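Report on the structure given below.
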């Protein structure tokens, strides 16, 4: 078993209203930032995962997204897999 | 002026408790996933930005983070800059 | 369809709209896909005198959907009583309005968002609340209270927990952000709602009588302005979608129809709309709800008997390249259509700008009585307005009771009637049923005290808000037991009206008017249509007798999953008036030693009870009979007891029967509670019926010892049966009910624990989070 | 005495605060719109609860940039009394007028019910009408009331008696169950160093009348009125 660090990015479906993105967009404009737009806000979820291989890690992460992490009706997701650094693995304990 | 696609990741300071990460951690466990841990949840904010150069785009994005997007007391941020695709640029106007 | 296209054009003066480039041809399949029957299509051809364009087909399909056209319910709804001297606005407007004295009026309405919530519980419920709030403030009233009436399948399923959790969060987040207190509602769990949750949201608003404004497009030449959020591609065809059965693949199929709510924009829109209405710059305003711009514009024209012309290119859109079809049918939230006075456009814009919102002129009121849609000046739709809004064919279907249900009702239940001895175990089982247990887990997520006017919040028999600056208050409740309605729709509907009225008098409010939400299956099935007709007849009879006219409501049909219908659920939302809010009481016991009195008759009735569902897993038998005259006498008696200050607490007896109602009074004890109690029942009734039977028309009151005689006397003078049940015990003492053949005896702390912890335990972290595909990880 | 209630887009307790202030002798409440750039003649400022700018991004994060906030910061800097309730507390933290941050409740749920809070310091201009140790019954209604700050800041708050209210049991004990949202050190309300800026999550303006369940919140506004009546207003911590 190897340690992997999974990073899941969950973002609102294009076309769906993103009120938070809209609010940030307005706020940045009123702060005087020009040429800013198209703000979309999503979630980033970092997970440490034990798996036999990178493929397996990815498969399980994508399954987690379908089951739990992303709302299939309103959100898209993207998964990135990287070998975890021991430090990160340590952080895990602290979470539980 | 060039279009850039900025991706800002705002994540809870390590050490600070992350109730949402913890809840997802439990949920994954109760769904039967093993070897999962250290779940942290943050925000990903995608912004389209016009800037003279990639450096300038990054600087402005980091300033936005310090000013508005991240709370220095509880959150860290990371900025990624990439040249924007025209499609994205189109989406911009629509958000305003 | 060739012959039809050769019909002669009916109004030659106007060039008939041509199909737009890229429009699909109008084939029978396309017509069917739009939920339009052949008969209805014939009607459309006659109205237009030609084949509709794709855009027109979309318009008709939305306006003639069940949701907007009420084609299967209109005739039934005519049976409901709608008039009384205090009714200012009856059915037909965005909300009903009643006079509550002091020059004040209350606008109120209930609305369903069942199908959207089944697909996306959080957004579905949130936008449901948003919609009902807009219905209220478009009347010129400021929303002052929200109630939510919910139904789900049993919570042992992860999917149902997911739906329940998401819906409650959605209801809460939206109302909390806008800043309207939730004052009550109901939730009911039964397998009949598996895959088909019901989410009905009710709102009340307060206004000065003279501020009432209607959704009319009057004044030829007046500009029509789109106000609030921009139009995007969300929720396109939600109206027709809400009129179709759900099937396994709905999650997939319905995705593009999900609408996302923005309560922040709603709050701004609320303030801006009220300011607009007071400003005198507008003559009409209407929410863009189901079927969006199409229904709002055509209904405003229909009501005023005028016409409208709208230019699609002027509608502020969120996305580039939207077609007229999409713009007209989008159900993007937080939008209003306003008819301004000609020349006042800038004033309207200024008010909206102050609230950081947009207002654009998108059309004009005309006198040609048509619904005319242009795209850059080119007509793309041109339909006579009246036939579009009122010409939808309405049907009287055949209704026959289902044999299966008849047999269930006639089933002999005597074997379940008589378990003797210690019934404490069954009592524990009932207390830990989510249908009986405390609903605090729900309303803890709702702001119940914002606006600092909530006298009784969720948890009481009915919610009460005071009307600042007067001694008055308004009370509201929602009620319906779908099992009663399933086994006998007419009696079940009566029971719902009766329970609502009972809940109101228990807090000291006079039942005044009703809004209702008819949630049923597919009306094309005779067994379902039978349920609808019977329920409406029962509701009509009860509302007639109680003098609580129906001022509006909502119909949600096709609540079926894979052909299986929900329990018929005609939810009653009832509003009452409190003359002096200082007399209001709650249902919790107040002090040790007080007498506990039962008003009303307990009969040997266990049919349709929670006890049978919980212990035997069956829904069968005859639901409790409803004696409307007796209910009426009871209402007057309770009202008198509360207003005269004789009763210190009053609580309606409903699901779980006498034992559970007593438990609710004991654990909700305010000062010092939970209180133990000593109760002795003398009648020789079968124990189960005695403790857990759900006979209607019963209220438990408590009163000080020295008020006991007056209390009993006053009840009897109203012709109401009374029983002295016993005394309130010490805080934390025993909870003991003795009957001839059976007893319940346990510590009130255990009662409280079971009552309080059931739903929180079911909704543990993961229960709240998982999407609920129950299958384990493969 | 004039007290200004600031209305941000999305504020929804502004009228509640207005009505609460009306119940206190000698106070004349008025509203200030977030776009205004002048506070005008005022003796105290209240940032009310609600969802300013929808609480998008972070509660209070966007509101703090409203034009009026510059004036509020200046007013506070000059020792003027500023009270932030619920969302107002969040805005004060985001604006740097108070240390720390209000993060998501550990339950991850919005929570609305009565809580008990213990008065930790009756020596502030907002609490002089209370006794130290007195327990109040006041409603909360928030999703992000979990107060967090680094250890140094918490130690400073403790040391300087700047923790004004803590969540407690009715008897005044600090049990985990009594802490509704996970706040560090059970913190329900704090003041700045000068003692003229108070932020609190519970809603004293909702506890002004017996009819609505509790009068325990009155003390906050009556203390303020008292302080304003005496010349040494805004003198800060004793």
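In order of appearance the chains are A, B, C and D, and numbering begins at 1 in each one.
We take it that a contact is a pair of C-beta atoms (placed from the backbone, for glycine too) under 8 Å apart; a residue touches a chain by one contact, two chains touch by 3 or more.
In this text the structure is predicted, and so the values were computed from the model without any measurement.
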Shortest chain-hopping distance from chain A out to chain C: 1
Between A-D and C-D, the pair joined by more C-beta contacts: C-D
For chain A paired with chain D, centre-to-centre distance based on mean C-alpha positions, whole Å: 35
Centre-of-Cα separation between chain B and chain A, whole angstrom: 9
Centroid spacing, where centroids are CA-atom means, of chain B and chain C in whole angstrom: 40
Contacts with two or more other chains, residues of chain C listed in rising order: 262, 264-265, 318-319, 356, 768-770, 777
Junction residues of chain D - those touching two or more other chains: 53-54, 56-57, 62, 65, 108
Overlap residues in chain B, where contacts from two or more other chains coincide: 23-24, 27, 31, 33, 68-69, 93-95
Of chain B, residues touching chain D in the complex: 16-17, 19-20, 23, 68-69, 71, 73-74
Residue ranges of chain D touching chain C (in the complex, touch as defined): 9-10, 12-13, 15-16, 19-20, 49-51, 53-56, 108-113, 139, 141, 143, 203, 205-206, 208-209, 211-212
Chain A contact footprint on chain C (complex, rising order): 119-120, 123, 229, 232-234, 251, 254-256, 258-262, 264-265, 318-319, 332-333, 356, 769-771, 773, 777
Chain A residues touching chain D - in the complex, by the definition given at the top: 19-20, 23-24, 27, 30-31, 41
In the complex with chain D, residue positions of chain C that touch it: 169, 172-173, 176-179, 262-265, 267-268, 355-356, 440, 443-455, 466, 468, 581-582, 768
